[in-house]
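In what follows, structures are represented as structure tokens.
What follows is subunit A paired twice: with subunit B in the first complex and subunit C in the second.
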Partner chain A sequence: MNDNAPGSVATAPARRRLPRRRAGGSSLDPHEKRRALLLVSPAMIALAIVIGYPVVRAIWMSFQADQHVENGFFVQGGFAGLDNYKHWLLQRCGDVACPPGSTGSSFWEVVGITLFFTVVTVSIELVLGFWFAMIMNGKFRGRGLVRAAVLIPWAIPTAVTAKLWYFIFSYDGIVNHLFGAHVIWFGDKWAARSAIIVSDVWKTTPFMALLILAGLQLISDDVYEAAKVDGASAVQRFWSITVPLVKPAVVVALLFRTLDVLRMYDLPQIMTGGGAGDGNDTTTLSILVINETRNGFNSAAALSTITFLIVFGVAFLFIKFLGASATGAEPKAKR
Partner chain B sequence: MTTSSRWRSARTYLGVVIIVLWGLLPFYWMIVTAFRDLQFTFDTTPWPTHVTLDNFRTVFATNRGNHFGRALLNSVFIGGVTTVIGLTIGVFTAYAMARLRFPGKNAILAIILAASMFPGVALVTPLFQLFRNIGWYGSYQAMILPDISFVLPLTIYTLTAFFREMPWELEEAARIDGATKRQAFTKIMLPLAAPGVVTTAILAFIAAWNEFLIASQLSSDKTAPVTVAIANFTGSKPHVEPYTAVMAAGTVVTIPLILMVLAFQRRIVDGLTAGGVKG
Partner chain C sequence: MRHLRTATSLVALSLVTVPLAACGGGGGGGGTSNDAFKQHLTDRGPITYVQGKVNDNATHAIIAQWNKLHPDEKVTLKEQTDEADQQHDDLVRNFDAKNADYDVVSVDLVWTAEFAAKGYLQPLTGDLAIDTDGLLDSAVKGAQYNGTQYAAPTTSDGGMLYYRKDLVKTPPTTWKELFDDCKIAKQAHIDCYAGQFNKYEGLTVNASEAINGAGGSIVDKDGKTPTVDSPEAAAGLQVLVDGFKNGDIPKSAITYTEEEGRSAFESGKLLFLRNWPYVYGLAASEASSKVKGKFDVAPLPGLDGVGASTLGGHNTAISAYSDNKATAIDFVKFLQSADIQKEYMEKGSLAPIRAEVYKDPALVKKYPYLPTLLTSIENAVARPITPYYQAVTKAIQDNAYAALKGSKTSKEAVKDMAAAIQAASSGQ
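Presenting the complex of A and B:
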């Protein structure tokens, strides 16, 4: 792939002098710069191919018309301007409003459902994950067992998780049995949504807990001891020491999980196919994109472009207002 | 032990029990069902009853259009190739990010971060058409290429975090003690880096192994991975979900991951949290 690169990894560290690393603010070494660019370029080229190119192609497609009927004839493509975006954002199908039940008319409903899943799932996970992390941060025997137990839901493929909970929530399944209920979980809007939320919370709370736990472990015991000596109560210690100090870790965990749920596809698709009872009751944005590919790739490309703008918009808001620094760029040097 | 600390430790252990049950119970139920006779699919006895291996035979049978055995091999192949590509490309970038100072580092970091946030569904529409045009639709590379989009950022992130924690001074020390550059690298740094690289490989492999969306759209019957095979699994009767067989399939797919997780749990936790928190 890159003939120079392996050699430069092997020899690079030996060439550098030790003190340079600590000397912050010193001028950049041109050799180091060239070597860095050489090392970084394969990944950048790969990302340009696997992400950059499809994105550009999708944006280009989103301004093209799909094959459609005009005056009784099939018409191929052509430049469509903003028609595909109007189809989604303004729910216009051609010159008229999209009929009820079409993919175009369901856009805002689906955005609402996706945001609903995101807010509810992430909130529950935050509370539960925080509680899990507090417990795992305590002193107890059998840490290995706990760690292994929380990694199991994380490791199980989402497709398997979906089938497992589909079984657990089946009409004759264990949930109805345990609660003496007779709910047709996937035949009702709210029941189906709840089942999806429970499954997602089960699978991903451990991940949230582990991220928060890692944050908790960075807080030194001395801080708590000092606060105790000064007479701070357990509640005070939680709100004025734990919460502010663990906040950076929590914000990053929230960011990761929020973006994941906004992109959610596997669970609702496999458990309900996007509907429950009828329509789009559990359709997320990703499911809508895939459904739309059956109608036309260009309008689907417009929707996928909208989806990734929404995802990046939310990420931007997170980083801007909650100060998420998932980057880990240079602050490390200060240590 | 004072009363309050005893109470606190009781509360901790109660919490620990809840967490362990949280992780294990649904998983346990899958395994119990996997070994249960089809006639007793909805038996609610909490321990194994009507134990049989029939479900595993059903899973691997090909007479109903299921190709689970093949799908397993497909998943191993797709996951393996994706992991190797991701690691080979990612390791250089991670080294540069962890060890070198250069202009544009933050921009590159932002690109990698943005790539990791990128929704997979936005790849499917443009690639579906493209792969059909060039005859790649349903091929292995039709899944491996898009999989790199999420595996590569993951490997770079995790490896960077591991490399940052490595005691690079040791290499210098080895050189002072008379080791050649090559010796210092292969005898000192490589063994130190190995655990981080192995952990990253596991995380990358699990991510690729679990991928569903892209594979469900771009694979064919011959190249479909296990996630797709399980989602589309058909039983003997139409419209009747073959729960026990699906649970058996889920067990087969999950067991290798669980073994990896058990063997490397501490490192996996380090790797999972490295990118997020330690930065």
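Presenting the complex of A and C:
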């Protein structure tokens, strides 16, 4: 997945490098080539151990059947073909459709919930993060303090955040007191989802804001001054200068956040345990994976492989569409 | 540039995605196991005893006693977290790794079958057999799997009905009587009844009690064939559904675990509460309790007569991989002895597994609920005994919860429950 790494490590000017790459990078003499390989090999080996092995192992496990009981004892399941994937994607439990109350029956619902959380939280975070970044980018007294203050939610460990919001949204909690409401936040489907969304937005908007702030700071004041001289209004300056120039940073922030939410586990696990509504209405894919490990590691491996592919697919789309156009529009794109 | 970006993004992506995939690790082991069953049967030496976080005043003292008596075979206590799921997973990890440091382990009743079927637990047969004379029958059966004793019962547990004796003169014995008494709650402007209805193991316990108390059953005697799709079971579940519907059970009770219910009862906001014996001591003594001297306990209600509690409690088992099994079995027997059982009760409020202890006059004086608890445990029904318990309990919880929420009828719920238990116990 990173065979480009050797080429990219060399910091030759882009113009010289392009034709070289087309020729397969063969302009290095064999001696240089061997040394380059030697230099990157420790990194490659480390990556193979910490990334390659678990991925391959999980995929291998996903094609094995879980242990089952024979004569009272669990025995190894053997090769299962696509059965574990059928269990999730087609919701087949053996020869029958998975009945309600089995993990398999909730798969598509859980995919929907995960995507729902992703779209909603990332959208809200993008808008708020952009706003925060604009504020922090301004010049005013106490700017350092504001920047530090905005960072605090992000610096708090997620587990602590989750517990904090758990207390805030509990039935006797401050939210109900403040609004004189009697909402059972973790009982109702939409109340529970809103609580989780609020907590997640609170916690990760700073991250978004910081990445966008970094992008904003790369935009030179000259550009704005020139626009002002040409008579561009504040709105025009925002849409024609700020937005296109900050886009690469925003795309990176969006990508990271999207991947994060797709794998969200701790926040809903601690706040609702994946419950609410009809009982599984805040279960994300990662929570389902953990729940399934108690039934069997191999079917859980299949589910985590599916999750992996979903996350990978979304990331690919991001890089392919948003990333590509960002690079095209921004010749000096720094990453 | 573009390739560089793609490459680095993909690497970054892999870094964030991999931990997920890596969750799948482990999962080996198992099989009929176990040559380990034949090893170290007569060996003696220091051992480790593993249990969940100690929150009673008995365990440390009991281990200290043993260590004083057996200086060469000392027991070291290893405490796990106080979360049941984490305790379960910790045990699985260590057994899977054949860790010889986990000699004697405290096993929740409902995990016993799973661990036995995985070959983790040393069968208590031959030289390691325990004397079950004088032990409560239900507790002994709860430590068996496929007719073999795989663990020794150590503490038992049963649900009881806590009621406000200042408001209710004679405690109800049936659901009808209980809900008739709800008018008293209305007059006093408090809620009527609550149990554990959040979607977790507590719901399995409460739903099973409702079903068993109405003459239904969850599974057959074999511990796995579902029998829950019956009119009786549906009627039992319907009692709770109706309670939620007409407000006799407060809406917030859908989020209750043991502690939320206890706090509602102790603050005087609840007329009836189904809970475990540990509440008794706390409600009678805690400074924040407003019901001191105003409550008592009764057996759980049923549809037409006294109901059936779900059996709780812990077994003590010996790891198949222990190096000192002779010491281990001695320690297990020590925990079962009458004196220690008394101490568990006296200092830790942990329900004994010996009937005689419940009748000990000194103890009954201190814990007036003991006779009620004995009735409860003697009539208790075990939860399904199956190696696939995790999936079976989910089948019960998910469907009971949906019924309580009103999104499916009791009839549909028990039908789905049966189908899901069937799928779960065939390992799907």
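Methods note: the second predicted complex is superposed on the first by the 271 of 335 C-alpha atoms of A that agree within 3 Å, B and C clash if a C-alpha of one lies under 4 Å from a C-alpha of the other, contacts with A are read in each partner's own complex, and residues count from 1 in each chain.
Assume a contact is a pair of C-beta atoms (placed from the backbone, for glycine too) under 8 Å apart; a residue touches a chain by one contact, two chains touch by 3 or more.
All values derive from a computational prediction rather than experimental measurement.
**Student:** Please indicate which partner A:86 is in contact with in the superposed arrangement: first for subunit B, second for subunit C, both, or neither.
**Tutor:** neither
**Student:** Which one hits more subunit A residues, subunit B or subunit C?
**Tutor:** Counted on subunit A, the partner with more touching residues turns out to be B.
**Student:** Thinking of the overlay built on chain A, is A:237 touched by subunit B (first), by subunit C (second), by both, or by neither?
**Tutor:** So A:237 meets neither subunit B nor subunit C here.
**Student:** For A:295 in the superposed arrangement: first (subunit B), second (subunit C), both or neither?
**Tutor:** A:295 contacts subunit C only, not subunit B.
**Student:** By the touch definition at the top of the document, which applies to A:50: first (subunit B), second (subunit C), both, or neither?
**Tutor:** It touches subunit B and subunit C both.
**Student:** On the A-aligned overlay, A:218 touches which partner chain: subunit B = first, subunit C = second, or both, or neither?
**Tutor:** first
**Student:** Scan A:101 for contacts with subunit B and subunit C and give back first, second, both or neither.
**Tutor:** Only subunit C; A:101 stays clear of subunit B.
**Student:** For A:263, decide between first (touching subunit B), second (touching subunit C), both and neither.
**Tutor:** A:263 sits against subunit B and subunit C alike.
**Student:** According to the stated criteria, A:67 is in contact with first (subunit B), second (subunit C), both, or neither; which is it?
**Tutor:** second
**Student:** Do subunit B and subunit C touch any of the same residues on subunit A, and if so, which?
**Tutor:** 1-2, 5, 14, 47, 50-51, 54-55, 57-58, 61, 259, 263, 286, 289-290, 293, 297, 300-301, 304-305, 307-308, 311-312, 315, 327
**Student:** What residues of subunit A sit close enough to touch subunit B in their complex?
**Tutor:** It comes out as residues 1-2, 5, 9-14, 18, 28-29, 32-33, 35-37, 39-40, 42-44, 46-47, 49-51, 54-55, 57-58, 61, 131-132, 134-136, 138-140, 142, 144-160, 162-168, 170, 172-174, 177, 202, 205-207, 210-211, 213-215, 218, 248-249, 252-253, 256, 259, 262-263, 265-266, 269-270, 285-286, 289-290, 293, 297, 300-301, 304-305, 307-308, 311-312, 315, 325-332.
**Student:** Subunit A touches which residues of subunit C in the complex?
**Tutor:** By the definition above, subunit C touches subunit A via 1-11, 13-18, 20-27, 30-33, 85, 88-89, 116-119, 145-146, 198-200, 251-252, 254-255, 387-388, 390-391, 394-399, 401-402, 405, 407-408, 416-417, 419-420, 422-424, 426-428.
**Student:** Show me the residue ranges of subunit B that touch subunit A in the complex, using the header's touch definition.
**Tutor:** 8-9, 12-13, 15-16, 19-20, 22-24, 26-27, 29-30, 33, 41-42, 44, 85, 88-93, 95-97, 99-106, 108-115, 117-130, 145-146, 148-149, 152-153, 156, 160-161, 164, 168-169, 171-172, 175, 181-182, 184-185, 189, 206, 209-210, 212-213, 216-217, 226-228, 230-231, 241, 243, 246-247, 249-250, 253-254, 257-258, 260-262, 265-266, 268-269, 272-273, 275-279
**Student:** Within their complex, state which residues of subunit A touch subunit C.
**Tutor:** 1-5, 7-8, 14, 47, 50-51, 54-55, 57-59, 61-62, 66-69, 71-76, 87, 93-94, 96, 98-105, 171, 184, 186-187, 255, 259-260, 263, 273, 275, 277-280, 286, 289-291, 293-298, 300-301, 304-305, 307-308, 311-312, 315, 319, 323-324, 327, 333, 335
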